[in-house]
Structure formats: structure tokens, C-alpha cells
Amino acid sequence: MALDLLVIAAHPDDAEICVGGTLLRLVDAGKKVGILDLSRGEMGTRGTVADRERETAAADRLLKPAWRGNLGLPDSRLEVTLENRERLARVLRELAPTLVLAQHDEDLHPDHAATGRLAREAWYLSGLARVAERDGGGPPQRARYLFHFMGHVPFEPTLVVDVGAVWARKLELIRCYASQLTPQESADRGQHLLFGADILARAETRARYYGERIGRTHGEPLLARAPLALGDLSVFL
Amino acid sequence: MALDLLVIAAHPDDAEICVGGTLLRLVDAGKKVGILDLSRGEMGTRGTVADRERETAAADRLLKPAWRGNLGLPDSRLEVTLENRERLARVLRELAPTLVLAQHDEDLHPDHAATGRLAREAWYLSGLARVAERDGGGPPQRARYLFHFMGHVPFEPTLVVDVGAVWARKLELIRCYASQLTPQESADRGQHLLFGADILARAETRARYYGERIGRTHGEPLLARAPLALGDLSVFL
Amino acid sequence: MALDLLVIAAHPDDAEICVGGTLLRLVDAGKKVGILDLSRGEMGTRGTVADRERETAAADRLLKPAWRGNLGLPDSRLEVTLENRERLARVLRELAPTLVLAQHDEDLHPDHAATGRLAREAWYLSGLARVAERDGGGPPQRARYLFHFMGHVPFEPTLVVDVGAVWARKLELIRCYASQLTPQESADRGQHLLFGADILARAETRARYYGERIGRTHGEPLLARAPLALGDLSVFL
Amino acid sequence: MALDLLVIAAHPDDAEICVGGTLLRLVDAGKKVGILDLSRGEMGTRGTVADRERETAAADRLLKPAWRGNLGLPDSRLEVTLENRERLARVLRELAPTLVLAQHDEDLHPDHAATGRLAREAWYLSGLARVAERDGGGPPQRARYLFHFMGHVPFEPTLVVDVGAVWARKLELIRCYASQLTPQESADRGQHLLFGADILARAETRARYYGERIGRTHGEPLLARAPLALGDLSVFL
Amino acid sequence: MALDLLVIAAHPDDAEICVGGTLLRLVDAGKKVGILDLSRGEMGTRGTVADRERETAAADRLLKPAWRGNLGLPDSRLEVTLENRERLARVLRELAPTLVLAQHDEDLHPDHAATGRLAREAWYLSGLARVAERDGGGPPQRARYLFHFMGHVPFEPTLVVDVGAVWARKLELIRCYASQLTPQESADRGQHLLFGADILARAETRARYYGERIGRTHGEPLLARAPLALGDLSVFL
Amino acid sequence: MALDLLVIAAHPDDAEICVGGTLLRLVDAGKKVGILDLSRGEMGTRGTVADRERETAAADRLLKPAWRGNLGLPDSRLEVTLENRERLARVLRELAPTLVLAQHDEDLHPDHAATGRLAREAWYLSGLARVAERDGGGPPQRARYLFHFMGHVPFEPTLVVDVGAVWARKLELIRCYASQLTPQESADRGQHLLFGADILARAETRARYYGERIGRTHGEPLLARAPLALGDLSVFL
């Protein structure tokens, strides 16, 4: 399978919360989008693994990704090991995405940071011929770009994707993860512990903030780590 | 006239040397490209003003820009004044480009730095309604992006334009400026004083270096100062 | 008069829009707050000078600053001149603020950038004894800190002031500037030209975004250019 | 126990040398200060483990911290492992500090860098509910701020704590670590190997340098990695 | 043996490709130069281990380093472990180089990044007396400077070494690694997979680009991570 | 006259205070050192112009520069004008220094910042042939390097000059400027207003701080804005 784009994220709802609008637009345009969650999110403050699997399935019915997988690595204990890196590189060769989106390797959440680092290292390795021979998964193949999406640490984005037209549907995607949005006991305020804001409110704020940076209502920020290659500048005309 | 792109440069050959390939590709694609030189280059080490005007005309015959103008400001004495800024903003309203390319405001050559600063300030002012009423040139209009091109100081580019297919023609554009390429007396080595390399050799080196950053043979680097707005990511697929 | 804090801004509504909450909190705490507008905003897209003066007076009735002044410099033509710098330094000696808030000298709007630069230079000069003798305004005095507030260009803030408790009142302050919020003709969308969002919506988005950075509902970001001096760390306990 | 502040450092004298003045001021103000040393410093060039324990006890008699502990990790072999991170997060939940001070994760000394990284990761994890359930140590709790203190690599500080009034006492704290200050054999110059200066002289130089940055005699620099939250600006008045 | 300079690189041809000119100049000046390759390059796309050993021997006959060694770590699986770091520190004590050149710890190739990090950590450890006692290799010794050389990620160099006079010989050094320069099968274009350029062409481009930064024909860029110590400025006169 | 080095500074004591040790070492080595003060320091808090001229003469008797000049520009009103820039470029052509040291263009003191900017622009212009013909002063000549020295804003230095061996003589140089070191009336504490430390104490602190960065007792920090060109690395051996 040759995907157009693969998202690599630590927990099952990270992809939808951070780049759900970007994914909706690509699927709407007929592109093959995949999502690889590294863990099952079993250490999340709310919801059981069974809850989260049902919720992910519901989100998939709305988004209709061409592929979704889960490496089953341990939540809160994601590590940058050779084994994890090589498993991830194998998945990249199997799925052969043109673009990869991954968390940022300086994120505050150690799982997010490890995911970002694993994605960068696996992206590089996926293109080495003898590594491909040794580890399988198909011929060497390296995605054209790896972009980082935003988690707990802001960055000045290289690009902002205009997601105004799909914003209502992105919120539906996030609402699929009901266990994450609802207080489950008296001490649980249903809020993100680090920021004291609920997930939907934070997503709205961030999308508006970056949308305004490009003169639109809602945007999702992405960071490139190398210059973008353009055929000519017509894309901006 | 509504241009697709306007280059703003200090001296008559800067546009061709720095972004000639980018311009060729856009003109080839049927876009309306303009070039505004701020001075006549009368303080250049080689060539008379008459030489340089003939050379610019020759380059125009090859490139076929939709528009070329010259503000006639004093070479080696370009200044960021209100008057220059407002003249430039008026030109921007008259030509209404969607994109602007300008030198970098931290370039070593004081004329280049002044050009970059003037371009940034005029770009902002060109969109203010009452400034437009006061200064003329047409309704308020602000180009979608201002990108800086590279002069004497390197930067990590946001984008690199693939100019491999037009490289031979770009060299022809530069060769039009024969006075700049030829030693005129015994002490003149026909080299750029700051870098000790001739102009064609430097253009070749830079284009190869940035071309390799994007996996192509030749590239021209550009710097954005704000996030790029994308409809979706299809442009990279 | 010895002010606790002086805001220096290019146009009459900049202070309220950018740091209105910070000012409300200080006035509520009994501090003497001053605002110096450098121009009358006569080149704003909407509203006459008379409108804007009435609006400023209305905002002052809500905020009750201890002092408000206007240097009457030309809107859209603010310049960093010796004369402007020395006038501003004289005001600083007269008002003797402990803190100064000013726009950022890299803002996209040339007036904002000039204001930021003038404020920095005047802040330094205000402390030189012979400059004080020559130019008047009282004994040499330099404010303890100059913080920049955010305009059109984001920065990673050093501090974010929690303005959640006064947010409704801050919106009232902004609404005093009704001419800026209302479309005046068919082609006018009542929006900020650069960002395509109306002023109240942008203020809300920004405050929520920076509020979430500190775990609160609304915040106003500030940038320090030198380390903050603390007696001990009790302020964070 | 709910500490006001916990210092996390690689070796038993790092806390006193780098932030001894900051700690003295807080203890003087009646705050509960804790120090967690990750190793016993057994690979230090001078002094035995027994020497260093006696010295630490002497320093504690002067500083009177509310708590001091040692994880007993191997000196010169501190690693960022899941186990170390989870032990540290457990200590953070047990001690529940409002502030954490830790070394910088880009320090030249690999132990210092590992300590800084462990502190950042454990700080994040300490607030996750299910991690707390799994690993014990009390309810989830995340300190309000983690500040880095300065080791072998300078940074531009966010804050400098004025330690002039306690400087003589800080030197007494450092002098408790006599084994570190005295040459032990002919080849030992009693100097810090990397910098060729003795520890007391370096502490004095650094404190004076950063003190001058805030206009005081002695200061200790700290770096925040996120904006500081302020109720209002009165703290600077 | 006390070397003047030791290069630490991940694969057997990295040293020649990246700093071959710098090494030739030092050997010509009578200095003792060493090269430590961390792996045998057995996962390279082209060439067998036997090929590469022959090629390295050929390069050594041209360059005549005073020492060359190989740690035999696994290619594509270089890791920053305590064991690797301590082996490397032991080598540093044994060879006692005054200067160390190593890859950059943010390089895209994970092996290069690991090599850069190992070199930095081992450089620090090599100077600790008790680590030296425990691990052997000779008395504690720390090289005066560690400079990073450039791999897949550009940086603004601190220094550029003028290698114009030895450029032809540097190309000979690279050509010793014939297996890396020749396509081996139909799908192999004999190009570097990441950049789509062959190794000789890339070396030429980079050397010209950095050479022009210093006004020479060819240069090799180096990055220092701490200020350079100078006796006086005569070195530039 | 062809100088080896020219210092460009705003006020008559800046050169001695900031780079006096660097100058002493060069003069001791037989190099031709020049100092160009842009103003007479007539707005300094202490001392008359006559005092300062006597003091400068005394300092010159100790340092023995090959040349010292003063442009007589107005203290506290240094401006980056075309005229000042061209006068400075003319001086550069007349004196033809190989190295230039100047203040930093982001210094807090507006005179220092203007001096830094003037020096950078004049340095570039001094090498343009037609500017030389128009403005006189000799043939076009551009110094090999322009380094910035440190004023009120710290930077991470590219180089630190070891001035330990001449430190006592540097203090003598500073003491020549007695008017700047002595309180003149009751309200004058004889201290630098911005930093609250006297000039000798600040010079000592800074020299020790940067000396320790290079493992020496005293150092003076310099910043390069472009890569340093080295023939080979022997200078560090």
C-alpha cells in the first residue's frame, strides 16, 4: 500500500486532536491517509482501553482513513530504542507514505517527545537499502517530508493548514473520544491537567489562534525541519 | 495592472542573479512578473549607467517580464525614509502583486538591507486605506506573501525553488550583464570584491548547494517571515 | 508625578487592546497607571480624529488611568528621530514610571516598530544626567523594566498576566472604540485588514491562547529583554 | 509533606554551589526547602563518600533544609531510564513541591544533563493519575514551575535571584565541602579541571556577573522554559 | 601517544569526505592526526566490509594518519550507552588528542547524531580522574576543543578551514572509496539516497560554498560549542 | 598608514574599558593599533570635555596606539546617517586596518548601537571602488574581519582573548579616566547608573567571567558575524 500521508502519534486521540482537520481535508480530496498510534493510551487519566478502542473505531467511521494501526507500545513508557525504531521503519516501508506527520521531539510529554524522535530516526532509516533487507517491510523508501504537529510546546509554524471548512467535522472527530471529555469522578474536572482547559476548548483556541496567523478562521500548525521544495511559486498564486 | 509577482531589488542585476530561475519558471507558466530596481547601479565597480541600461534591456528580452521599473534612487545611498517607503507603497498599489520578493534586511550590503526594510514597511503600508487615499496609486492592496531572497548573508530557507530545468537560461540572463563579469583594468580581477569569486561561479555554487538541500540539481532559496497558508497538503503529494 | 506604570503605544486604542486587562488589574490594586499615545490615529481606516478622541475619553472613564497623554506625532509616519526620542525621554523623566510597557520593535506595522524602538532608546536616555539637564523634565530616572507587549508578530513571552477576572471589563474597554469595530461602508468588512478577523474576536483568541499557556482562562503576554530581578522565589509560592 | 521547593542535582554539592543563596533566602523566609541528590558523588576527583556525607551533613546544619535525600544512583553513570524517571516522579509526588530547580539538560557534564532531562520528564509524569496509581508516592501532583540552574553552560537567564544579603553565608555553605576545595596531592591543583579556577572563585565570579545584570552585588541565574504566570505586575513595583 | 587531532566518525569514509582537506593540511604540517571510525560501515548500501577495509587502507596510504582505529560498533545501530561512552573516553585518554573533530549530534542520520553525542560525553568524561582510574587508558586528559563537522544538516560555522591547496588530493582520498561511488546494479544510481547527488559532486559543492564564505576556492566548515581562546589577535593579521 | 587593528567606539573610554587588554597585547607584539572615538563624551555624567581629553592623552601614553582620532560627533546623539557612514568609510580607507573592533548594534545605549551599525555599514562601503573615488581617503579597502566587543548586552562570544598577563596594565588604562571613576557630588555614587557597580568592579567581573570560559584568569569577549577563515588548525595546537 502506498499512503499519501501517515500520522505517527503516541496515543489514540492525538492525531484527531492535533491534525484532524488536515486529515479530513486530505481524505475529502481522495487521498489515502493512515494513522499509526504507538500505544493504546492505557495510562490515560480517563477511560479504559476498551473505551478507547471503541472511540477510535467511531472516529475512524467519520474520518475513513485508508489505514489505522497500533504498535501496542506501553503508554507513559514509550522509549527510543533500536527495536522500536526498526519496527517503525518497517511500517514506513510497508506503507510507503509520501508525507509523515509526527509529534515534536521537544514536547513536554515524554511519550510525545519519544514519538517525535522515533519518527525522525525511523524516517531516515526507512530509506537505507541494507536496513530494508535485514528488517523487511519492502524496498527502501523515505517519505518526502516529515512535518511535526503541535503538542504541549508552541513553535513558530512553517505552514498552517486552513481547516475552517471542516472545523465542525473535526470537533465531531474529537467528540468521538467521549471518555476523554467527561469527568469521571468528583475530583476529576474533565480538564487537561497541564493546562486547566478542556480538550475541545483548547483545540478551538489553538485553531483560531493559528487560523488568524493566516487570515482564516481555523488553522492547524505544522513545522518542517528542512526547506520545502517547490516547482515554482504558482502554488501561492 | 495586477502582477502575479514583483521583485524589489537594489541594483539592476540583483533580481536576475538571485532569483532569475524562479522568474523564468513563472514567466514560462504564463504568470505576470515584474521587477522594480531601486537604483541604476551607478556606483557599481564596473560598467557605466548606459552599459547597465543596455544590459538590463537585453535581460528583459530574454526574461520577458510583464513590467520593469526603476525608482532612480542613489546607488550606495539607499535610505529607509518615509518618502521612499511611500513611493514604494504606491508602486505596490499600482502593480498589485500577489507575491513580493525582496532582499533581506540584514544583508551586509547597506543598499540591500535598506531595500529589504523598505519592502517590508511598504508591503504593510500598501494595505492601509487612508494611506492609499493620501498617496494615490489605487485602492489599498497588500501582497499575500513577502519572501526574502539571499544576498551576502546566508539563512536557513523556508523554501527552495527547483530551477534545474531553466538553469542554462538563468546563466544567459546573468551573462547579459557583461560589464559586471569582465575585468576592466589590470587591478580588476573581474571578481566580487567581498567573496573573491566571479559572479557566475558564485551563482552556480549557491544554486547547487541549495538544490542539493531539496534533492535537485539547482535551487534558489527563499525565506518567509510568517507561516505559509495551505489549503491542504496536496501540493506536496 | 511618579507613575507605577506607563504604556507607550502608537495609536489610541493599542494600549487597551493589547494590555487593557493588565492595566485594569493594576488600577484595581490602587496603582498609578499612565498611557502615552504617540499619534492620534488619524490614518486609521475607520473613524475620525474627533471620534477617536471621544472614544479614548470613554475608555479613560472606565479604566481611570492616573495620566493619559498624546504626543501628536503623525500616524503612519512615526519615525525614530533624535527629536522624538528626546521628547519621549523627557516624558519619562516627568512621569517617572517604575515600569514601561511598549510595542515590539520588530512588529510588522512600521508605526508599532518605531514606537518600540523609540521606547527602548528613550528608556535608556532618560537615565543620563546631562541629557536630563539639557532637555528638562526632571532628574534622570530610568524605569526598572521595559516590557514589550504583543502586536502583529508573536513571541514566546517571558510573562503572561492572568486577566481572567477582568476580562469582561477589558472587552468593555475595547468596545469604547466603536468606530474601529463597525463597518462604515459596503466594502468595509469591519475586520482587521491583515488578519481578516474583527478586533474583539482577535483579542479573545489571543487572550485564551496565552491564558492556556499559564493554565488560566485569559492572559496577556509580555516580553522582557533582560533577566527579571527577584528578591527570593516567594512570589511563585 | 508538601515542600515549597525541591532542588534536584546530580552530586551532593551542586545544589549549594549553584543555588545556595536562593535556598538560604527561602529558608530564612520560613519556606520548606528540600534537596534531592541523585548520586553520592563517589567519582569526584577529591574526597571519599564518607567525606562527602559528613560535608553534606555540615551544610545541612547551616542551611536547615526541611528535607534532604539521595537516590544513590551511580556517579558518572547517571542515565535517563524509565526506572530512574519513575523513581524521581514518585519522590515528586511524595514531596509535592510547588517549585522544582534542576540542572540544565544541555550541560556539558553528562550527569548534569541527565539530571536535567530526568527532572523534566519526571515533573511531567508526576501529574498523571494512573502513573501515580501504578507507581505510588501519593496523588498526582505537578510542581507549578521547573526552573533550570546554571552549570557548565551559560544561558540567558529568565530570572536572577538577588543573593547579596546572604552571600557570606552561601560561601560558608560551599566551604562545608572542604574535600572539594583542597588539593590532595602534588598533581592536584585544587582547581576545577574544566575551568582552571577554584570552586569558590568561580562561584564568586558568576554571582557578581549575574548580580550586575540586575544591578545588585550577587545573583543566581535561573531559566524558565515556559512563560511565568503573574496575577498582576505589582511584584515589580 | 599524544595526537594533535582525533576525528571521531560513524562510518569509515565520513572523515575523508567531511574533513579530508583539514586532515591533509595538518599531516602536511607535520602534525599527528588520528581517525577513529565507530563502525565498519557494514550496512552501507554499496560495498562489502572487505571492500571498505581495503578502501580505508588505500585512503590511509594517501593521508598517512599517525593512527587509525575502529570500535567495531554495529552500523545503523550506534547507540549512546554508558559502555560505548566509556570505551570512547578510554580511547581519548590513550590517544590524548589536543583537538577532537566529531559529527554533529543533531545530524539526520541517527548514527551520526549518536556519534556526535558520544563524542561530547566522552570528551567530558575523559578528564575525570576517578573515571580514568576505574576504566584505564591513562591519566585523565581532556582535549582542548571539540569541533563538530558537517553532515546532513547545515549549521552556521564558527570556522572554515581553507582547503583549496589540497583539494585535488582530498578528491583522491574520497575516490579511494570506490565502492561508494559506483552504481552496483540497475536500480542503483550511484547517488546519495537522501540528496540525489553523488558523493564527489556534493563534496565539491559544499567545499565551494563554504570556501566562498571566506573568500577562498574551497573550505571545510567546523562548529565550536564554546568560545575560542586566543592569546592575542595576531593569528588574523 | 596601514593599521593592524582599528577600534571604533562611541565615547573616549569605551575602547580601554572593553578591549584594553586585547589592545595592550597587540601593541606589545609590535602591531599598529588605532582607536577612533566617534564623540568627545561631552554628555557623560561626570567630567568635562577638557578632563576627558587629558584622560585620553594619559591613556594613550600608557597604551601607545599608532593612531588615535575623534570624529567629534555629538555624544548622546550619534546617528546612522549617510554622512557619518561615509566619513567613517573614508577613515577606514585612510587607515586600512586588517581588523576592526566595534560596539554591538543591539547594545542598550543608543550611541553604542549606532556606532556598531555605522561600523558595519562603513566596513562594507570602504571596499567599493566608486565610493572610494567619490569620497576620497585612498583606494578601496575592506578589513578582513569586523568583531563586535561587549557593552551593555551580553552575547555568546566567538572568541575570548586571554588578557591575564596584561590585566594590571589594563586597570591602569581604565584608571586614567579618573573623572569617570570618582563621585563628583553627594548624589553621585560613582557608579554606572544602569548596573549599580563601579566601572573597575564591572570590568573585573566581566574579565573573570569570560576568562573562566576559556580556563584563564581574565578574558575579553568578541563576536564574529561570519565564519573565521583558518589556514589549518595549527593555531589551536
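We call the chains A, B, C, D, E and F, going by the order they appear; numbering starts again at 1 in every chain.
The criterion applied here is as follows: contacts are C-beta pairs under 8 Å (C-beta built on N, C-alpha and C of every residue); 3 or more make two chains touch, one makes a residue touch a chain.
Since this is a predicted model, take the numbers as computed values, not measurements.
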{"item": "Each chain counted as touching chain E and chain F at once", "value": "B, D"}
{"item": "Furthest chain, CA centroid comparison against chain B", "value": "D"}
{"item": "Residue-number overlap at the chain B/chain C interface, same or different (half cut)", "value": "different"}
{"item": "For chain C paired with chain F, centre-to-centre distance based on mean C-alpha positions, whole Å", "value": "36"}
{"item": "Intercentroid distance (Cα basis), chain D paired with chain C, Å", "value": "38"}
{"item": "Length of the line joining the C-alpha centres of chain B and chain D, rounded to whole Å", "value": "53"}
{"item": "Chain E: positions in contact with at least two other chains", "value": "156, 194, 213, 215-216"}
{"item": "Chain-chain contacts as defined at top", "value": "A-B, A-C, A-D, A-E, B-C, B-E, B-F, C-D, C-F, D-E, D-F, E-F"}
{"item": "Interface residues, chain B side, partner chain F - complex", "value": "42-45, 76-77, 79, 108-110, 193-194"}
{"item": "Residues of chain D touching chain C in the complex", "value": "4-5, 22, 25-26, 29, 31, 98-99, 144-145, 156-162, 210, 213-216, 219, 221, 224, 226-237"}
{"item": "Chain F contact footprint on chain C (complex, rising order)", "value": "82, 85, 120-121, 124-125, 127-131, 134, 140, 142"}
{"item": "Contact set on chain E toward chain B in their complex", "value": "154, 156, 194-197, 201-202, 205-206, 208-209, 212-213, 215-217"}
